[in-house]
């Protein structure tokens, strides 16, 4: 494999129902940074049926070039035709980097393609940068420059690893949704659009889709929630949980509570976190007006980030909080909600 | 002498532990608080073979050794004393005598569904006037044609109203022994639903509150002649032999309670802070824990040794495990009481609160010094063997 | 029907994580469990066995100690266990792992291969689809329901906002989600029986049609540049601020952590 032949940063532009997924735009944002460091350009790979019209949107978000594979076989996602199309592009165009969203599609497509084109794939990356491998020069080993360094959490977030793919091309990564930044869309930007037809010959690997069932969302189990806004006795009254609900809504989170709140009859038991309630492990856990009895902490200490707000500076919750704020929740929480609302709107 | 558990026993322990943590522990507090028999848990245990662990496979059991069974009761009792005793009473006091003394027909009819957990078992020996003095029985069985007619009552019966099959003891006559008249006791298998067999008072207990403890009442209760278990007149021996095995189960329950309290306390003292330090940093706490752990370990050795002795008995019926079982039960029960009491003390005020498990464990522990032979009875059994 | 379930013995993340000096995981030093998604896959296979009749083989690659996880699977009801273990296979990434497992699977007669979606140590979700590619059979990832119809499987394939009902001809590979089912427990007697069974042990020489260049640490295209223990949870920062300052403090932290 002549590694020098491989050029350019390529992004799998995931679309579902002919709508570009947000992750694709995030990847384009990141790809632009990487392409700049490598002095190359960004190509989006757009696969689907009747999707050509989406190329402009990809251009607005940073694609210099869009390769379109438009075929009825690609109408709904199926592993084989998509893997065939993507690996055909890779074999034809020889990109040095291929980024795929770590979605239910990307985490199926990525490995199948990486195995087909015989390269490494790093899953669920949260940081991508260009650098040297090995990071520090080691006597007797050639230090390679301009490598894609892919950082990812493992062990349910217990460890962080930085991975390189120094001797194979392309360097492939799936990337977690919501981590990379989209660029401000450049209105009217155009990309070079190239159609590509790898040819599709259905075989037994072309599975048959019998039915597509779109989900109806029901109430979120607190154990599945990514963000929990949890209230304790310190919230004061059941009515006052409104300020927690507002905060949860802004963040797309869910409200949960401590045992004291359930015992007081303010909230139902299925929202209770703790030893006698549920054990939760969200990305962010807000402990608001919760003192942090052992029983409670046992049910939430595995959360990725714990933010505690309590007026008692000796509250044990501060022993497990990443960010502890000593203060009045009634003053802080509503302002926090407003501020986050503004920050999120600004980011869109 | 080998103090290392086999890989099989290690794995079987991890199974019981996982089951106890996932299925039993979450219900322990509620079961105690509401005095609810954990029927759903019993069904799950049945499905997983926990209700016939030492019963041979050909009789629907798991074909495991008594140690495996003791470990099951131990792990369940670590998180819930109620669940531990349900399994113990069912297995040791009902499956075991039918397996040991039952006819082939009785085994087919009763042991198989019991071991599969389709039916739950109980054991009725104790009467209001016959506790430690088991000879003081009043319940009578009279043969009338093809049926035994039972009259009398039994009290403090574990799995009382929830069981389906009961091993019941009753007087079947009077015999002369060395010039003195003594009661002749026999064992019977009685099914729930038999006319004349009803339930009396439900006991409101200090501990193991989810176990169903009832009075059983027999009023002209007629059972088939074939439901005599073992030989007529051998009831007392059957009862004593059965209790030898039962004591291993209760010893395992006591051991589990002590271990559960110890583990809970170790976690607690690492977290609980007083005077700016975790209370585990204080030497008093450390020394208390050291004593507790040492006693628990000693109890475990006795319990496992008794279980292994019973395994020996399975291949050689001449082996007696009576003394080992009595020692294990005596010691494990007293350790359970001591360790749970210390655990409450180390928890301070919280230890006295219902929300904290050690409070329940201390209440649960007390019964292990009383049932299936009080500690005093165990001392009688042990000293009796010494002075034989 | 013959089903092969690929399972992995993984460190129980509750027990803490330890590394070798070279940055790879020190698996020997950690408590282990059967990977949860794999266990769901095994349960799915055992249910198919209960329902349609099947021979279930469990296959794992790992240290000799990984035999335990095969025993566990057999104590749940699997019929056979195969352990692939060899010094030269150590340090494998997903590519080298899938190459190895495919090499083992080429020796086995199967209609259906089930793997877990992902393992809790690596969380990559790659090995299942990569095996299917090496074996050139269809893959259905993220299965939330599995049925058999004649010579085909009908699977509910989960996506973020929908599921597809997908039909594929066997042989094929399915990756199972832990939400698929509630795995059964082992039975006490099953454990003792499992230890009486022979476990097949294969080494490098037993793998079919694989190149040494694709095995183990050497054959892994991805290389660890750096690995570290994430700072353990403990007391973080504690600040006393007036409400406005507190709010901007929190917002900054959430931005820093990419929450918003």
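Each chain carries a letter (A, B and C) given by its place in the written order, and its residues are counted from 1.
Here is the rule we use: contacts are C-beta pairs under 8 Å (C-beta built on N, C-alpha and C of every residue); 3 or more make two chains touch, one makes a residue touch a chain.
From a predicted model like this one, the values you see are computed outputs, not experimental measurements.
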Chain nearest the overall C-alpha centroid of the shown protein atoms: C
Contact-richer chain pair [A-B vs B-C]: B-C
Whole-Å gap between the CA centroids of chain A and chain C: 21
Intercentroid distance (Cα basis), chain B paired with chain A, Å: 53
Chain centre separation in whole Å, for chain C relative to chain B (CA means): 41
Chain B: positions in contact with at least two other chains: none
Residues of chain C whose C-beta touches two or more other chains: none
Complex interface listing, chain A residues touching chain B: 259, 276, 294-295, 297, 316
Chain A contact footprint on chain C (complex, rising order): 11, 13, 16-17, 19, 23, 93-95, 98, 120-130, 132-134, 136-142, 154, 156, 158-169, 172, 220-230, 233-244, 246-251, 253-255, 257-260
Residues of chain B touching chain A in the complex: 29, 267-268, 271-273, 355
Partner chain C, residues of chain B touching it in the complex: 7-8, 11-12, 15, 18-19, 48-50, 53, 57, 61-64, 68, 72
Touching residues (chain side chain A, partner chain C) in the complex: 16, 76-80, 83, 103-105, 107-108, 110-112, 114-116, 118-124, 126, 133-135, 149, 153-168, 178-179, 204-215, 227, 251, 283-284, 301-302, 305-307, 309, 313, 318-328, 331-332, 335-336, 339-340, 343-344, 347
